[in-house]
Every structure is written in structure tokens, then in C-alpha cells.
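We just call them A, B, C, D and E in the order they show up, numbering each chain from 1.
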Amino acid sequence: MQRIGVFVCHCGSNIAATVDVKKVVEIVRNEPGVVHAEDYQYMCSEAGQALIAKAIAEKNLSGIVVCSCSPRMHEATFRKAAERAGLNPYMVEIANIREHCSWIHKNVEEATEKAVILARAAIAKVNLNAPLKAGESRVTKRALVIGGGIAGIQTALDIADAGYEVDIVEKTPSIGGRMSQLDKTFPTLDCSACILTPKMVEAAAHEKITIYTYSEVEKVSGFVGDFTVDIRKKARSVDMDKCTGCGVCQEKCPSKKTPSEFNRGLGNRSAIYTPFAQAIPNVPVIDRDACIKFKTGKCGICSKVCQAGAIDYEQKDEIVTEKYGAIVVATGFDTIKLDKYDEYAYNQSKDVITSLELERVMNAAGPTKGHLERLSDGKHPKNIVFIQCVGSRCSDDRGKPYCSKICCMYTAKHAMLIRDKYPDVNVTVFYIDVRTPGKNFDEFYRRAVEDYGVNYIKGQVGKVAPQPDGSLLVQGVDLLDNKQILMEADMVVLATVIEPDPSVRKIATMLTASIDTNNFLTESHAKLRPVESPTAGVFLSGVCQGPKDIPETVAQAGAAAVKAIGLLAKDKLLTNPCTAKPDELLCNGCSACANVCPYGAITYETKLINDHGIREERRVAQVNNALCQGCGACTVTCPSGAMDLQGFSNRQIIAEVDAICR
Amino acid sequence: MSHDKTKKQAELIREISGVNPYKCMKCGKCSASCPSFNEMDIKPHQFVSYVLNDDLEALVNSKSLWKCLSCFACIERCPRDVKPGKLVDAARQLVVRERGGDFLSADEIPEKLDPELPQQLLVSAFRRYRR
Amino acid sequence: MKYSYFPGCTLKTTGASLDRSARLAALALGFELEEIENWQCCGGVYPLGSDEIATKLSSVRALAEAKAKDQELVTLCSACHHVIKRVNDDMKNVDDIRTRANNYMKLDEAYAGETNVLHFLEVLRDRVGFDNLKAKVTNPLKGRKIGAYYGCLLLRPGKIMAFDDPENPTIIEDFIRAIGATPVVYPYRNECCGGYISLNEKDMAKSMCKRIKDSAEGFGAEMLITACPLCMYNLNKTEGGISVRYFTELLCEALGITEEGKAL
Amino acid sequence: MPMNEEFKPKIVAFCCNWCSYAGADLAGSSRLAYPADVKIIRVPCSCRVNPMFILRAFEKGADGVIICGCHPGDCHYSTGNYYARRRMAMLFSMLEYIGIENGRTRVEWVSAAEGVKFSTTMNEFVSKIQSLGKNVRLGDIRCKN
Amino acid sequence: MQELINRAKELLADGTVARVLGWREGDMSYNPEVAYFNSAEELDKFVYNGFCAANLSKYMIEASKLEGKTLVFLKPCDTYSFNQLLKEHRVDREKAYIIGVGCCGKLNVEAIKAMGIKGIQSIEIDDACETLTVKTIYGDKTVAYKDAMLERCHVCKGKEHMVYDELMGESRDTVDAERFAEVEKIEAMSPAEKFAFFQAELSKCIRCNACRNVCPACSCRKCVFDSNKFDSAQKANVDSFEEKMFHIIRAFHVAGRCTDCGECSRVCPQGIPLHLFNRKFIKDINKFYGEFKAGEDAETKGPLTNFTFDDVEPCDAVERG
């Protein structure tokens, strides 16, 4: 039998005004197992905690019940107090007589009666409590960053600077991500490459950072502190160690008709290629679908011209298995495909482009060498129309319900850059709302209007009709003037909604990280834990969590790094002791529990069981305490009751039920 | 029109049309798409406001009701699934049900006919213009 | 192969050639259009009001008859197709309409949207196949530059009509290629012709049709084809510009049904 | 038992720790009253609720049992409430099948932000049980007759 | 029957199997009992006829622990149970040599007795399985085979064996009733009628545990009702929780695993139609989560260890159920 002490808190008048605390003390004193009961003004105060410690020592208590506020508020406080007094912290139960009683009931008699019943339930439970000890698991001092864009690079740099090993896995041949495709960045109009390239170089040179480009995460197992990850290094067909990055192979490659991913298909690349000049690593990849050697067996020119002998047609995919303590997801975004939006004639006219395509057009290394020209005929445009919110803020199934957040600002940037460089070009922007919260952001947008004369029209475009002469007739509306507008344009730029990179679904599944209906990764708490996934040990960096611009991405990347560092800095992790526990004698070995476990914490083992004298080999369930999070799903699937949950055992809950229904 | 009656009619319009006017974000894509925009006194994107403000008097007296071509461009392109075209038709229904009032009377029609006019035009117009 | 066929009012009068050429072409392509007995006019426009029942019943009757014969229901006129397809969708998915319509109809067996509604073009694309059609063409219309005019009713609302991409359709262009001609894509092929507004506002309809015709001509079309008698009327009423034909007429021509082709 | 003013139902509410228990806390801190007949048992997840607990409650004299968990899709353990949903659908259907009035059991998804919903749900549930009166049948299923 | 014996002898002789699990004559001709046969001589006592109703798959749990293979004769419906046990790792496929035997429907002596036939001495079955000759102390009576079949055979799952090493004998269609008709009848009752019906039936229960012992799904090493896993401080008394809720919990524990083999109802000495619980769950599962046949294969996840994002809500399940 336990020796239980009951402590009833007044919480000032919060509880005492509606619950007769003295009466509660008098009644619970007679409950089975109770050897001590008292009340106090504020149990959570230093003095209140001292009362508990004193009672534990004097009455040799083996369990305590605190009748107070919600356990979500002070359970941890009282557990620590008990632990300091030499009691196992899991011998403490809370009866919630504030939120669930005094605050919602007015009648003192009723509330007091209920408080007594809640106290009885807690006492009945404590009677069956057993001391629990948090387990420990080790922490591998190495982090994995999935995605090599600005988010991934920044996170990796921050973690590495703190002294931990970091691996970056990037699926394309080079790190750099979307930012490397941008021309200038708002609100300061720095050249994107000028600020990104040094970071890429720094990452590549950092002794603590290993970069796997042209690689993908294949399999993840394990748990916080101890993940095991298989990384598939796709066959590059070029020996990384031998290649000097001279670029001759790309020049000589006869297959040059593959649309360049980097230039968003606006230009072509060779079959052996690096995506862009500043690529890191500066080692090309052979696109085997485009390569003549791979398609026909003939050619091999790149091999012949390579003085370093780096070309290796026989190279195979390679799987690298590595252990990590923390994983940061930084998979980024893409724009949606616009094939369902042909009222804007995206598929009909080369002069209707997305904003990301415009970035390439404006970029000196892009398909037009940075000259603003129509892609259909190379002519200099006179009128450019920007259409905002293409696919953003849509509740139909063509687009996405959210705001892409970055478009208002980059459109202002594009408009300004064009007007600055080509004052003869008229720029019109059709918008629904202009959203520019952020430091110096609205000022930036106003500059576009006030200093650069960009024509902002509140309203949408219904149709873009290519004309026989090659111009584009834009039919829109000016809602403030209540007029329909027909406007000739030479180019139309669509601010296309962004979506999480499609690869994220597979990665989220592997990590058991949750994902929302728009495929953005879910954060653990929208306000208080914005860079942590609900899955322990998994952190979020950049747009994979939600639309954000570069400054926000970099800030979040740093935050994710700090969270990862905080984890890696620990030598051991304490595990939740309220985990499932199988009774091997009762286990049928049927696997029902393993089928419902969301963490893969249950495995089966065949072992010799001594069941009251019968010794036989049996297949029995085993729970990995580091993986088990204590949901209890397994306990209910187990027909024999062999699987139970520590801290919330079948008998404990039954005892609470009995106490309440008594 | 009394206030109560207007309220009731606004509800009726929402019911007949099955449109939730609160979903509208005033982007104007309906008006940008509408081929009859210039003929209309109340513009497509404004229908929603009239229904939300229970200003049915103006709406049912609007000539816009009889200018809509039912071409569904607004319905197809509306990003918020508001479907202004449905509101127009509901308002039209309201008018013909309430007054039995036809937009065109039977007498007016013969002078507008020509021998090549397809049957389809007549039945469509018949259904849109009167009950 | 037999299909139930809903011709609709106009195909019995001013649109007779659309009906005739379609039937002839069908026979040549090896399927038959079996006219629904006692069909009633579809009403021309789909009643958008969600509480409209009576105006949907004629469509339900035709749909139920096709179901009784276990046939797919084929239409030609864009308006009929639009109305019947949407009513069918209501009968399938809207409980209230289904219940009330069935209460009115008192059919032997309640109708719940079982019939598949096909436009003649869909029969060509999905049942015959444009490749097979191409193989059967004896008189390919080589060198003819033809603009497809879709109008609104076949395409919208895209989700329910499920006919083609409402903003970038290809079915008529594919058809044009199959009969050996060259399709001309122009931006106004899915914009309204003015519809029934031409009864009362002739100028408005004319200006809309002029834009369509001019744009097609500007992109090099020598002719427009359509599936809709009302579009045909409005486009023809707009003087000048390129000619307009029913797509089935060209189909007959390509299939070498010359005798009737002349008569058309 | 005839209905009368004195009938004080015994109601057991199983609340998951992450959403519904927090929702109940919010109802409390927002002072949203519901009858004192409701007593809450905290479980880690709705999937921890064993049908045995529910039947046990009825056997010991409960008049109603309600299970509250995170909304489907929001489970702290990702999938727990989906299993709970199937189990309870089965159990409730069986109870109805053997003649237990179906209003005595209920599942409600209450998030940590839904203090109002928690309170409304409990008020509704208590008045439902009030209208059903004292539970006789579940305690009586195998009585000799 | 003789060919079964011959084949069993062959398999014993060539060492394929170490023993044979089947039936031998019991105290009465209509009461064959389950038995192991270890030699050719013992097999002379082997019988297989219309009264060999027992589902042998559950015996394979114990047989899987023995040295060598056991030859087991399984009727089509028994193979579902075997597969389900295989899925739950309770039997070892390697330890079983399964002969799928034909079945013409199994007989229920209680059905014959219920016809008012008393003083039965023996029952003979004709070769075509069409008529039974019941020899009684009052003379011979003739009964149509069909009329004497077990309830489960009237709603038979089919003639296909789901798992076997070889097949012997023909099966025939015996379905002449709607499987869920009885369940639907109860569903249509008012709550008071339902309660009265089940109270009357369950009041007969003497807690002999025959249903539990015969059930292939109810195969826990130790039943939860025999352990203290859910007990509180007070110990069970006469009308304790277990007593009352046993059948509901038992049905719940086998939900999604029960193959509807009907053994529970067959062996109940009090004639309680226990299959009505299981069949209700099967009906609900089919309706809410899609057609599911436990034991159809040994891999598919069971309906209660599975879910979809838009499963029916419990309140709707009750309304629609």
C-alpha cells in the first residue's frame, strides 16, 4: 500500500472561492492509502513546495496528489519538488480542481463534491503508480541538411561554425538553389550571385561541411539523436576527384539541345553540364537521357577531350549510409505549372513568362545575356504587363489557397529595375492587394510608383489574347475606376504561386514529419516552436515550412541551426518514461501492436520464455523506449492486455473510472 | 421594398444561387473576363456587394441582369469559387418569379425575328428573358 | 455500335445540316445514332438556380431512356450538350435535385446519373479515336487552314463538362488534323459569340463575332468550324470575313461522302 | 427509473492530453460553465481509450461516456485518433445493436483552441443524458430475467 | 473418405508429415471428435463425413510447436482461419501440410433434434449427401440433408480454399440464405426489443468458455478475462464486469479478425447465437471501411489496425449502422 499525501491548493481565491478546500482535506484524509492531507494558499510557491517536501520526509510518503490547477501548468513544478525531496517524480498526480472545477462551477457544494471526486480519482491512480525512470539515448554529433539552397547553406554554415559536422544533400548537380537563379534581390537590389556565391564557397571550403550534390535521401530510420540515413549519390559519370572543372567537355559536347533547368527552359544546355558558371562543385554531370553515348553507344567525345581522364561512363549510383543526431529539412520551393491557366496564354505565347523566367531574362548570364527582350522575336518591348496572384489565393483546384508572400516585392523590384534601365518601357501591374509588410518594404514599393512611375492598377486580368502582329492584348479591369481595360503589351509577366518542392512529400514520409494540405511541413507550434517539426530531432528551414523571402529564410535557417546545435550539444537525451511495456508472458506475438505504432517502436524477437515452468521459444513484442512516444495505440489493439502503457496503465485508468463512478 | 423583404430576398438569392458571397476577395477577375462588361450598369464584381449589403432593389432593377450572356467565363475563372454568373441568374429568377415580369413581352418578339434564327436562340432567350 | 442520340430542336430546323452530316459520318465510321423517342427540347440554357427542377426534367427523361437502353447518350448541339451534361451531373451528385426530379418523373427505376453523356466530338476522340478517323479519311483536306471555334457551352464550367481544358482546348484542333487540314489557333476561340443576346442586342453580338472572326483571320484561318447552331447563326449574321461551317460537314467531306456533301 | 429533478448523471470524459484536455483547460480559464456531472480523465491520446474502460464505467454506474481527442489530422501522435475513430465507431454501433440508447456514448474532436466547443459539447451531452435518464441497461445486460 | 486415409498414409509413410490431424469416430455416429493420428494403424479410425464440422485450424497453433509437419484437413471456410492465424504469426506454414477437403455443408444434430426427432441411435448419410436416415428407438426417419445443416453453411463463404498444399474432393454450393439477414432483422428492432432479445439470449450464458476455447481468433495465451490486467483493487465477484461484458469485448477483440467460421454458435451448449455479434461487426466493417474478408490472405492489414483520413465518424456510424 502506498503512503499518500494530498495537498489542496487555494490558488488564492481562484479555487478557494468556489471549493471548500478544508472540507476536501477532511474527506480525502479517509481515502485508502492517504496518510497526510493539508491545504495551503499557493502550493506552487516556494513555501507550498516546502510543505510538500516536509511531508514527504516526515510522513515517509510514497506518493503525492496535488489538487490544484491544470497539470499542464504545474505538473512539472510538483514533480521537481518531489524529486528534490527524494521521491520519484512519477509518483506525483495532479487533480485539476481549478480549470476543470472551481473556474466553471458556481455552486460551492457542487464544486466541492466534484473536487473530492477528482481528488479520489488521482489518489486511486497514485495507489497504482510505480516509480518510473527516464531512459537515456545517445546523440550522434552530426547533422544532416536536406536541400542546398540558401536555407540549407546557411543552416549548415551555422551548425558547422558551432563545431559540429554537417552534411548537405542536394538533388541537383550544384548547391545554390532558387537564389542562384535570381538576378537582384529586394529591398536593396544587391546582385543575388554576389551575395550567394561567397556563401556557397564558404560552405564548400568549410572543414566541417560535406556536400553531397546530385544526391537524394533514400531511407531514414532511427530517432532523435540517432538517425541512420541512406543517401543515394546518383552516378555523375564524372570522377569528382579527377575533374579540374576546365569546361572543355561541355564546349565540345555535340548534344546541346536539352532545355536548361537553370534557365527555366528558356535556353539549352549540353548533355554534360554544370547548371551555371559558379556551380559548386564545379564538376559537370552527364545527363544520361540526353547523352548520345548513353543513347546510341557512339560518341564519347567528352571522354576524348578530357585531359584529366575524369569521364566515367561506367559509374554507378552509390549508397552512403551515415548517422546523424539532427536533421534539418530545407527543400525549398518551385513555381506551379501553369498549364491550367491559359486565359493568360502562357502556352500560346513565348512572350508570356513567369517572374522566375524574367529573373533569367534580366540576368547577364541568362538566355538573353541580360538584355530585356521578347523571347519570340528578340525585340525590345515597349509595354510590359505584370499580373499578380496567378494561382495564389485561389480556393479552386487550379491554384493554391495561400498568399505566396514574395510576389508583391519581387514585382516591385522587377518593375523598378526595368524602368531604371529602360525608361522608355511602360510598366503596368495588375494587383488584387499590394502586400508589403517588412522593413523598408512598403517604401520600396512606393518608390516603384513614385520615383519610377510604375502604373499599378487594382484589378485582375481576365484574358491575354495574342494578336496576329505578335503583340498581346490584355483584357483587365480597373476596379477603382470601374472600367474594363484593353491594353496592348509586348510582354506579360505572371507572378506565379510557389509551392513546396514536390520532393518534400517523400522526405516528410521518410522522416514521419507531418505535412499540411498544401505540402508545407508543419511546425511543432505555429508561434512558439516555428522551426521544429513535431517529430523530435527534425527541424525546418526556409520555404519548406511556408512562403518566405530571403531575409526571413536566412533568419529561420539560423534558428533551425540553433535548435539543431542545442540538440547536438547534449551527450545524452532523456526519454519519456511513459512508454509502452509488453508483458512477455502474455504476448501472443500477433504484431497487431506493431501495425498501429506510428514510430516503428515495436519490433518482434523470438526468445526463450519461461511461462510458469513451460520453457519455449516465443515471438514476443519489444518496445524501443527511445522511439516510443507513449500514445497508447498499441495497448488497445492487444487483446490479451499484454501491452500496457507506463504512467497510464490499464489498471490506473480503470481505478480512475471506478473512483469517478463510485 | 421594405427592409425585411429585402433581407429575405437576399437570402433567397444566396439560396437559389448556392453562392457564398463572403468568399469573394474582390479581385475583379469576373469583370475582367466579362464580354458584356461595358453594357452593364452594375458590374459583375459588384453583384456580390449588392447581395452582401442586402441591396436587392438596385440589383433586380439593374439592366445587367439582361445583359449577361451566361457564357460562364466569370464562373470558370473565379479564383474563389464565388461564381458571379450564378448570382445573376438567381436575381433573374427572383424577378421573373416575383413579378411574373418578362424582360421582353410576346408582342415585342416577332419584329426581332429573322428566318435564319435558330430555334436554340429562341428557347434560350425565352428561358433567360421570361418564365 | 449504337448510341442514343439527342438531336435537339435546332437540328430539326435551321441546323438540319449539322444533324444530317453527323448521321452520315457516323455510318461511315461504323456507329449509329439512335434518336431518343419523344425527346423534348432541353431548354437551351442550363437553369443555374439550385431549386430549379421542372426545367431539368426533359434532360432527365432523355438520360433515363438512354439508361434503359444501356447506351451512351450522344449530342451535337453545344447547348443540348451543356444542359444535359450538367443535369446529369446534378442527378449524380446533388441529392436534393435527384430526389425531387425522381419524384416528379415517377420512372420505373429511379435515375441517378448512370448514363454517360458524350458530345459527338468526344465520340470521335474517345471511342473512334482520331488516329482511326485519320485512317478512314479518303479525301484529306490538305492545305486548308481552319480555325476551331469552341464558344462557351462545350467548355465551361470545366470541372463539370470535363470536355477539354477550358482555357486551352485541343479537341477540335486534333479533329482538324485528323481530317488532313491545318488548325489555326487564335485567342478568341473560347470567347462568347453573344449567344441569345443577338435577339435583342444585335450590335453587341456582332461586335463580339467580328472580334472572333478577325482574330482567326489574322492568324491565317480561311474558315471557322463550330458545333453550335447559335454560334453559327451569330457568326454568319456578322457580315464579311471568313466563312463558318459545321465540323460535321467537313468531316463528311473528308470521308468522301460527296453526294450528300453537295446537297449540304 | 422515472425522470426527476434530482437525477444527477455520472459522466466520464476521456480527454487526450494534447488537444482536448487543453481545450477543457481553456474552457476553464475562459470561465465557460458546464455541469459538474462531467469528470475528466486525462489520457495521452484518444487511441489510449480501451473499450474496456468505457464498459467498465457503465458497469460502475456511469450514465454517459464521452471521448475527446484532437481533430483528425491534428493528432499529436499523427495517427492515434484515426484508430480511435474506427474503434469507437465499431463499439458504439455494437452498443446500439444490443439496445443501448446511442446518446450515452459520444466522440468529439476538440482542439486546444476550442474552449467554447468543449463547453458546448459538455452542456449538450449532459442534457442528452438528462433526457435519457439513468442508465439501466448497460449494467444489466446479463441479468437473469 | 478412404482416399483421404490412403493419402494420409502415403504422406506418413514417405515422411512428409509426422502426424495427421483429423477426426475419428466419437461416442455417437453424429459426434466425431478431433484427433491426432501418428501411424497408419491409427488412421483406420479416421472418419470424414457431414458431422466433421470442427475447424481444425486452431489446433495448428499447438501443432506448430511439434517436431515435423502435421497433415491437416481443412474445409474451405477453415482455410480463412488458418490464413488469419498465419497473419498473426500464431501458426507456422512450414509446419503444416494442408489438404483442402471438399465440403457439402456440415450437419447439426441439434437441428435434427429440433425437428422433434427423439431417441436417436445413429444417423446415416447417403453418398450424394442429399438425405439422412435417422435411426431412432422409435424407428427410422428421413431428413433432407439441407434441412439439417449448420447455420453457417446456409450462408457459406464459398468453395475456394484460401491456402493449401493439395486439394481433395468436391464442394458444393449450399447458400440459400442472406448472410446478414438476421443482423438486419435485429437492427430493425426498437432499442427495447433489441435489449430484450440480447438480454434473453445472454442470460442463458453459463460462462463455460466453450466459445472462447473453440474460436480460432480467440487464441490468446491468457485471456484478458482470466488475468488481472484490467482489474482494480477490488477482486471480481459474481456479477462482475467480466461476466457482463464478456461477449461484447470478445466480439470487439475478434473484430476484423473473425472469419465468421461459426464455431462459437456451433459449440455453445446453451444455443446462444453468438455469431450475431461477430457478424454485426463484419457487416459494419464492410459498410464503413470497404469489403473485408478476414483470412482471405495472410498479409492485408486488418480494418482495426488501419484507417483512412475520411473514415466515418462514430456518431454517423451509429446512425447509419
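By definition in this document, contacts are C-beta pairs under 8 Å (C-beta built on N, C-alpha and C of every residue); 3 or more make two chains touch, one makes a residue touch a chain.
Note that the structure is a prediction, hence the values are computed from the model and not measured.
J.: Leaving every chain except chain A exactly where it is, which of them still form connected groups?
T.: Result with chain A masked: B, C | D, E.
J.: Show me the overlap between the contact partners of chain D and those of chain E.
T.: Where chain D and chain E share a partner, that partner set is A.
J.: Comparing the two chain pairs, does A-C have more C-beta contacts than A-B, or is it the other way round?
T.: Higher C-beta contact count between the two pairs: A-B.
J.: Tell me, please, which chain's centre (mean of its C-alpha atoms) is farthest from the centre of chain C?
T.: It is E whose centre lies farthest from that of chain C.
J.: Closest chain to the overall C-alpha centroid, by per-chain C-alpha centroid: which is it?
T.: A
J.: How big is the gap, in whole Å, between where the Cα atoms of chain A centre and where those of chain C centre?
T.: 49
J.: Would you mind pulling out the distance in Å between where the CA atoms of chain A average out and where those of chain E do?
T.: Comparing mean C-alpha positions, chain E is 51 Å from chain A.
J.: How many angstrom lie between the centres of chain C and chain E, each centre taken as the mean Cα position?
T.: Roughly 60 Å, centre to centre.
J.: Report the inter-centroid distance (CA atoms only) between chain B and chain C in whole Å.
T.: Each chain reduced to its C-alpha mean, chain B and chain C end up 25 Å apart.
J.: Which residue numbers or ranges of chain B touch two or more of the other chains?
T.: 73
J.: Using the touch definition from the top, which residues of chain C touch two or more other chains?
T.: Residues 167, 191 of chain C touch two or more partner chains.
J.: Provide the list of chain E residues touching at least two other chains, using ranges where the numbers run on.
T.: In chain E, 224, 230, 304-306 touch at least two other chains.
J.: Got a list of which chains touch which?
T.: Inter-chain contacts occur between A-B, A-C, A-D, A-E, B-C, D-E.
J.: Can you tell me which positions in chain C touch chain B when the two form their complex?
T.: 8-10, 12-15, 41, 43-45, 47-52, 55, 77, 79, 152, 155-158, 166-167, 191-192, 194-201, 204, 208, 228-230, 232-233, 236-237
J.: Hey, which residues of chain B end up touching chain A in the complex?
T.: Checking each residue of chain B against chain A gives 23, 25-34, 37-38, 43, 45, 73, 77-81.
J.: Would you mind writing out the residues of chain D in touch with chain E in their complex?
T.: Its residues touching chain E are 50-52, 55-56, 59, 72-73, 79, 82-83, 85-102, 105-107, 137, 139-145.
J.: Give every residue of chain A touching chain E within the complex, in rising order.
T.: Spelled out, the residues of chain A in touch with chain E are 32, 124, 127, 583, 585-592, 595-596, 604, 611, 616, 619, 637, 639-642, 644, 650-651, 654-655, 658.
J.: Show me the residue ranges of chain B that touch chain C in the complex, using the header's touch definition.
T.: Listed in rising order, the residues of chain B that touch chain C are 15-18, 35-36, 39, 66-67, 69-73, 75-76, 85-86, 89-90, 93, 104, 109, 112, 116-129.
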